[in-house]
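Next up: some structures, all given as structure tokens.
The same chain A turns up in both complexes below, where it pairs with chain B and then with chain C.
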Partner chain A sequence: MKFTITREQLQEGLAAVAAAIPAKTTLPVLANVLVEASKQGGGLRLSGTDLDIAVSTTVPAEVDADGAVTLPAKKLIDIARELPSGPVRVTAAGEARVSIESGRSKFKLLGLPREEFPSFPAVKFEKAWKAAAGVVHKLVGHVAFAASTEESRPILNGVLWELRPDRMRMVATNGHRLAKMDVPATGGSTADLIVPPKALEQIRRLYAGDAEIELAKSDNHIGFRAGGTLVYSRLIEGPYPNYEQVIPRENDKQATVDKAAMAAALRRMSVVASDQTHRIRLAFAGGNVKFSVQTPDLGEAQDELAVTYEGEPLEIGFNAMYLLEILKYMPTDEVRITFKAPERAATIEPVGWNDPASYMALVMPLRLVD
Partner chain B sequence: MRRILLADADAFYVAVARAVDPDGAGKATLLIVGGSRESRGVVCSASYETRKFGVRSAMPIARALRLCPDATCVPVPFKECIRKSAEIRKALQQYTPAVEGASIDEWYLDLSGTEGIYHHEPLLATARRIREGIRAATGLTLSIGGGTNKLIAKMAVDRAKPSRGGEGILIIEPGSEQDFLRSSSLADIPLVGPKFQARLAARGLVTVADALRYDRESLGQWMSKREEQWLWNRIHGSDDADVVHRTMNRGISRDETFGKDLSHDTDIERELLRLVTRAAADMRGDGLTARTVAVRLRDWDFKTRSAQRTLPEPVVSDRVILRVAHDLLASLRKARRVPARLVGVRLSGLAPAERLSQLPLETSDVETERDRGLTRAIDRVREKFGRKSILPGGITE
Partner chain C sequence: MSVVARARVQLLAGNVADQIAAGEVVERPASVVKELVENALDAGPQTVRVELEDGGKTLIRVSDDGAGMDREDARLALQRHATSKIRTAADLIGVATFGFRGEALPAIASVSRFELETCGDGDAATRIRVTGGRVESEAESVRQRGTTVTVRGLFYNTPARRKFLRATATETRAAVEALTVLALTRPDVAFALTSDGRGLLDCPPAARLIDRVGALWGAELAETLLAVSHRAGPLEVTGFAQRPAQARPAGRKGYVFVRGRPIRDPFILRAAEAGYRSTIAPGDRPSLLLFLELPGDAVDVNVHPTKLEARFRDKFFVEKVVEEAVREALAPLDSAAPLGGAGFQVSGAWFQTEGSAHAASGIPLDLFGARSLTPDTRHQTPLLQVFETYILFQADQGVAIVDQHSAHERVLYEDVMRQLSGDGAPAQRLLLPLTLDFAPAELDAIEAHRELLARIGYEIEPFSGRSIVVHTAPNPHPRFEAARCLQELVADLAGGRFGGWQNRLERFAATYACRAAIKAGQTLEADEMRQLIVRLLSATLPAHDVHGRPSMVQLPKEELERRFGRT
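Right, the complex of A and B next:
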């Protein structure tokens, strides 16, 4: 193996795969980056994996002799960072050992044979779906936050990605609150994928908004491809809970509120809310919502906000953190909140969003009295 | 460089039993704590004088009395032990905020970063100060071991104990861990049990020094990769576990040694029902919920077996906990249906009950609102009319 690459290009490639490489691992080869040089491939392929996610990217390089080796990722990244700007020559120096030279700097780095590196999932891109990266970013950015981080129901740790001939939808929930977004799409077939949020984050990080992403699946993996960069991830095995049936259709009370003012009031109230439940009480009536919180052994607080409210007066309890989080992801200054009763799900939607996507979140209340 | 101490209360149960009953247990040199002379329970702890007769913890009281017939037997003063343990913990927290309870009578202390507070005195001097302070505050004596990690501290305290001929405190100075370990036997390493010891001895490995003569590859030939890695770290004194400050109770256990062995499933189930009712009520009394239910069964021949299940969500109600416990007991009985001498239940994965006020999107199939409502109603009746005012039909006399 022998190739020459600019320091910048080497750094760029390493930065792309670095996030997939685990900081701590029991399998030494996973701390390494797989470096493959190929004349035919027209450059250098760098790959890293933590076995859940794999990232692989190609960067231009002048290849004199084909070859492959795995090298300690952290050391290689540190070397690339510290080298002066200019061409870097990398030459195999025996099995699993390379010499790196740039200007007067010389390194010899020990690696592990490429055979030890795990092989990537066999995902075929022939019948791939296609989506604009910007659209995927929007879906991920508004939905993934709602996925569960607890281990009790692994299925809820994933984001449901529904592909339909006319639309794409993402849904995530932790069993207490849920976020859902639809975007129109054309062509493509039908599939339901449950994807770990970590993989979706990689897509947001690696693909520019104007790129077109190809998306394909095998039995239990999903692959993304755009430019020379591939991301593979394990899929979470379904079925996903029937979320449609928890989305309320009969909420007959609705409030339209200023998002920033509501969030500010919630933050003020949550200072004295319980650390465990973050319970606050909201009382909607006429043109007002009254916030109140009472925490034994700590104290109490009240606040008030003008809102547009239609319906019978209502008192309802919420986890302030859930409401604040949902408000954070709402794309408009005003939001509409709908209710049915103090123990039924409330929905939150943007008001006047000039976008082809449709977005909603829902949150279950907290019981006010035991 | 970390500075870790392990403080171990000397003959804790014996000391507390003596404090509770100064005229009876307090005057008995030969003292066994665990139950009455007629009890079928096991020795929880015994005075140093009794141990000279061969009496050990976990030994049936009847056997202990055959070894040491003149011993006085008293039941375990549980409430007082828990109170005293909390008292010691609180007193230890005066010296460092990082105190981890390893059991009812052992606490790890992390004194890293406190050098300045103790005017850079040696760790030995701080340990002496702590020992004196706890004796003055609680009347109980601690043995203290210290070193740069929990493993060394634990091995040091074992050697520091007066019952092992120690002086009450042993600090292994940084850099001298290897000499200390070399002077230990492999059996001194925590979790190296009799079976592992026998396997090691078969290869001529009895002391740590014996094992240190081999490289990892050689050790690896005689044991699994995992064991090899574990033992290698231990004999080289490496242990990076942190002293974890735990505030939450780790579990609520209730068990019962029967008056005579029980052979019929229905009889054991009735005892289980009694224990679950008690454990669940105590848990709710502490304002907690549980995720994991475990059942322990000790057969007539002292073979002890257990089974546990973790539920997808926290629960509080007798009905749900009992159903799980019942299934677990059934599986244990199915595997080995012989007379049983003890059954126990343990609730763990505890979390504050106020979290249950969050309503779920989907109605739960584990514990329904009705279960919880019923449980709240039962608790209110008991609060007003006493613990035994309302009980499951299966255990009313």
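Right, the complex of A and C next:
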């Protein structure tokens, strides 16, 4: 193996795969980056994985001799950072060992044989779906936060990605709150994928907004491709719970509120709310919502906000953190909240969003005790 | 009727009356030891020695270096109802000396070959020999200040009683026990006991009670004891209570003293054990050593000839205060076991951060103590999680090590007890109701605990057959797994875990706390650790979990210094 690459290209490639390489691992080879030089491939392929997610990227390099090796990722990144700007020559120097030279700097680095590196899932891109990266970023950015982090229902740890001929949809929930976004699409086909949020984060990080992402799946893996960079991830096995059934259609009370004012009031109430449950009480009536919180052994607080409210007066309890989180992702200054009853789901939607996408969040109330 | 000869009523001869009294007071050698040592202690000695032969059946000798008596007093002392300790009936109220009835010496003398040798200050010594209650001789003798009483051939003239004496080893053990109890009341007096020439007990005078405890039962036991010191109204409770984690099902020591006098009162011990509620494993019995001080008119000790019982004017008040006293002793963080050396105080100020200041409000904070800490160290005491189970941090005087599961269990237990007795826990409605299957016994347990389950946040409805639907769930922490917690909780309830717990609410709370708490092996974020420690420090019994294990151990700085040879 022998190739020459600019220090900047090397750094760029390493930065792309670095995030997929685990900091701590029981399998030593996972701390390494796979370096593959190929004349035919037209450059250098760098890959890293933590066995859940794999990232692989190609950067231009002058390849004199094909070859592959794995090298300690952290050391290679440190070397690339500390080298002066200019061409870097990398040459195989025996079994799983390379020499790295740039100007008058010389390094010899010990690695592990290429055979020890796990192979990537066999995902075929021939029949790939296509999606604009910007659209995917928008979906991920508004939905992934709602996925569950506790491990008892693995399916809820994933984000449901529905591909339909005319639209794409993402849904995530932890059983207490849910986020859902639709965007129109054309020419797609039909598939339901349950993707770990970590993989979606990689996509957001690696692909520029104007890129076109190809995605394809094998039996239990999904692959993403744009430019020279590939992301593979394990898929979570379905079926995803029937979320459509729990999205309320009969909420007959609705409030339109200023997002910033509401968030500020919620934050004020949270100061006195219990650290564990963050329980606050909202009372909607007429043109007003009254916030109140009572925590034994600590104290209480009240606040009030003018809103546009239609419907019978309603008192309802919420976990303030869930509301604040949802408000944070709402893209407009005003939001609409709808209710049915104190023990039924409330929905939150943007008001006047000038976007082809449609977005909604749902949050379950907390039981109120009188 | 005719068979029974009609007898005339007669006054009994003195020695007969004495033998009858002996039946009450002198039961076995141990009671002789008790009576004689009590007399010796009332004489204000520095040292009391006891010699036994053949478990006291052949010889009991008690000598002291106290005030002694002159010949006149010595003669009188052997008469019934002769005492130096009270004069009028009014003196009986609040009597402070051990003896006062004036029965012991004549009673013992009436059933043995008895010898009294005594010497008061500046008097000539006197030796009086009595056999079976009859004075045999009275002579001058030579002795230092003090008194020696020798009892030979106990019950030689009452063969029925003699027959009931137990094996030598048993009688020896009883005598040692009798002396032990008295040694606890007077740590300032040296005690020694030899049996057939072998030293069984040797306690030098001690400045502190705990040193006396160490001399009697070994330093190992003494180190497991926590000081009790509590006052409520006229009643003061002092002494020692064992750390819950070190209590064992057998071999506990339980002693109660009222106004310095040992008494047997199972109710007071039971009240003290009630103070251990929720900190101790069912079946474990903690060692207890309790001294109750209260005004003389609030208690009557003259209930029983051997004075082993006491009657309190307000028994329930006494029991309540004893329970509080024990609970108070278990509350400080240093009631958790230290790793060698003495414990130290972990102050709540250490974990005060702006966001959590209120959480620590349960701890009395030293008003001025916090000034010595710079704000930086105060706000950022580093927390280190090891083995994904323990949290280490530096405290004022050492390193505190917290078990994350035990600590969380304690915190949740106290929360849940509040919720069960108060207005219930907040319950998160579930978007996707959980459907869970249970065994028939478990369904019964759910039915029996439906109300309690609802209060902690589980609203459950029967679904079909063995399934139930859960509509709301508690959400006590972000890692909480509602379905798994419910399954484990119900299995425990059905399986009778914590069955040793008397109180149904407490049993339920402990079971839930155990199942809802974070587990060993979970990696915690820095924030989570901090919050856990803050909440633990504001719990009422932070140092103990609900299974009778410690939630925290301490590695005192002194101990580190000792190990590294820095002292």
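Quick note on the criterion: the second predicted complex is superposed on the first by the 369 of 370 C-alpha atoms of A that agree within 3 Å, B and C clash if a C-alpha of one lies under 4 Å from a C-alpha of the other, contacts with A are read in each partner's own complex, and residues count from 1 in each chain.
FYI, contacts are C-beta pairs under 8 Å (C-beta built on N, C-alpha and C of every residue); 3 or more make two chains touch, one makes a residue touch a chain.
All of these numbers come straight from a predicted model, not from anything done at the bench.
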### Query
Taking chain A as the common reference for superposition, should the pair chain B and chain C be classed as clashing or as fitting?
clash
### Task
Return first, second, both or neither, reflecting whether A:Arg114 touches chain B, chain C, both chains, or no partner chain.
neither
### Task
Could you let me know whether more residues of chain A are touched by chain B or by chain C?
C
### Query
Looking at the overlay, what does A:Arg234 touch: chain B (first), chain C (second), both, or neither?
neither
### Query
For A:Lys340, is the partner it touches chain B (first), chain C (second), both, or none of the two (neither)?
neither
### Task
Based on the superposed arrangement, let me know which partner A:Met364 touches: chain B (first), chain C (second), both, or neither?
both
### Message
By the touch definition at the top of the document, which applies to A:Thr149: first (chain B), second (chain C), both, or neither?
### Response
second
### Query
Taking the superposition as given, does A:Arg225 touch the first partner, chain B, the second, chain C, both, or neither?
neither
### Task
Considering only the stretches 151-159, 277-285 or 313-321 of chain C, report the one that runs into chain B.
277-285
### Summary
Where chain B and chain C land on the same part of chain A: residues 152-153, 173, 175-178, 241, 243, 246, 274, 276-277, 279, 317, 319, 343, 345, 362, 364-367, 370
### Task
In the complex, go through chain C and note every residue touching chain A.
356, 358-359, 361-362, 415, 418, 422-432, 457, 459, 472, 475-484, 531, 535
### Summary
So, in the complex, the side of chain A touching chain B is made of residues 152-153, 173, 175-178, 241, 243, 246, 274, 276-277, 279, 317, 319, 343, 345, 362, 364-367, 370
### Message
Taking the touch rule as given, give the residues of chain B at its contact with chain A in the complex, in rising order.
### Response
291, 312-313, 352, 354-355, 357-362, 376
### Query
Touching chain C in the complex: which residues of chain A?
149-153, 173, 175-178, 241, 243, 246, 274-277, 279, 296-298, 317, 319, 343, 345, 362, 364-367, 369-370
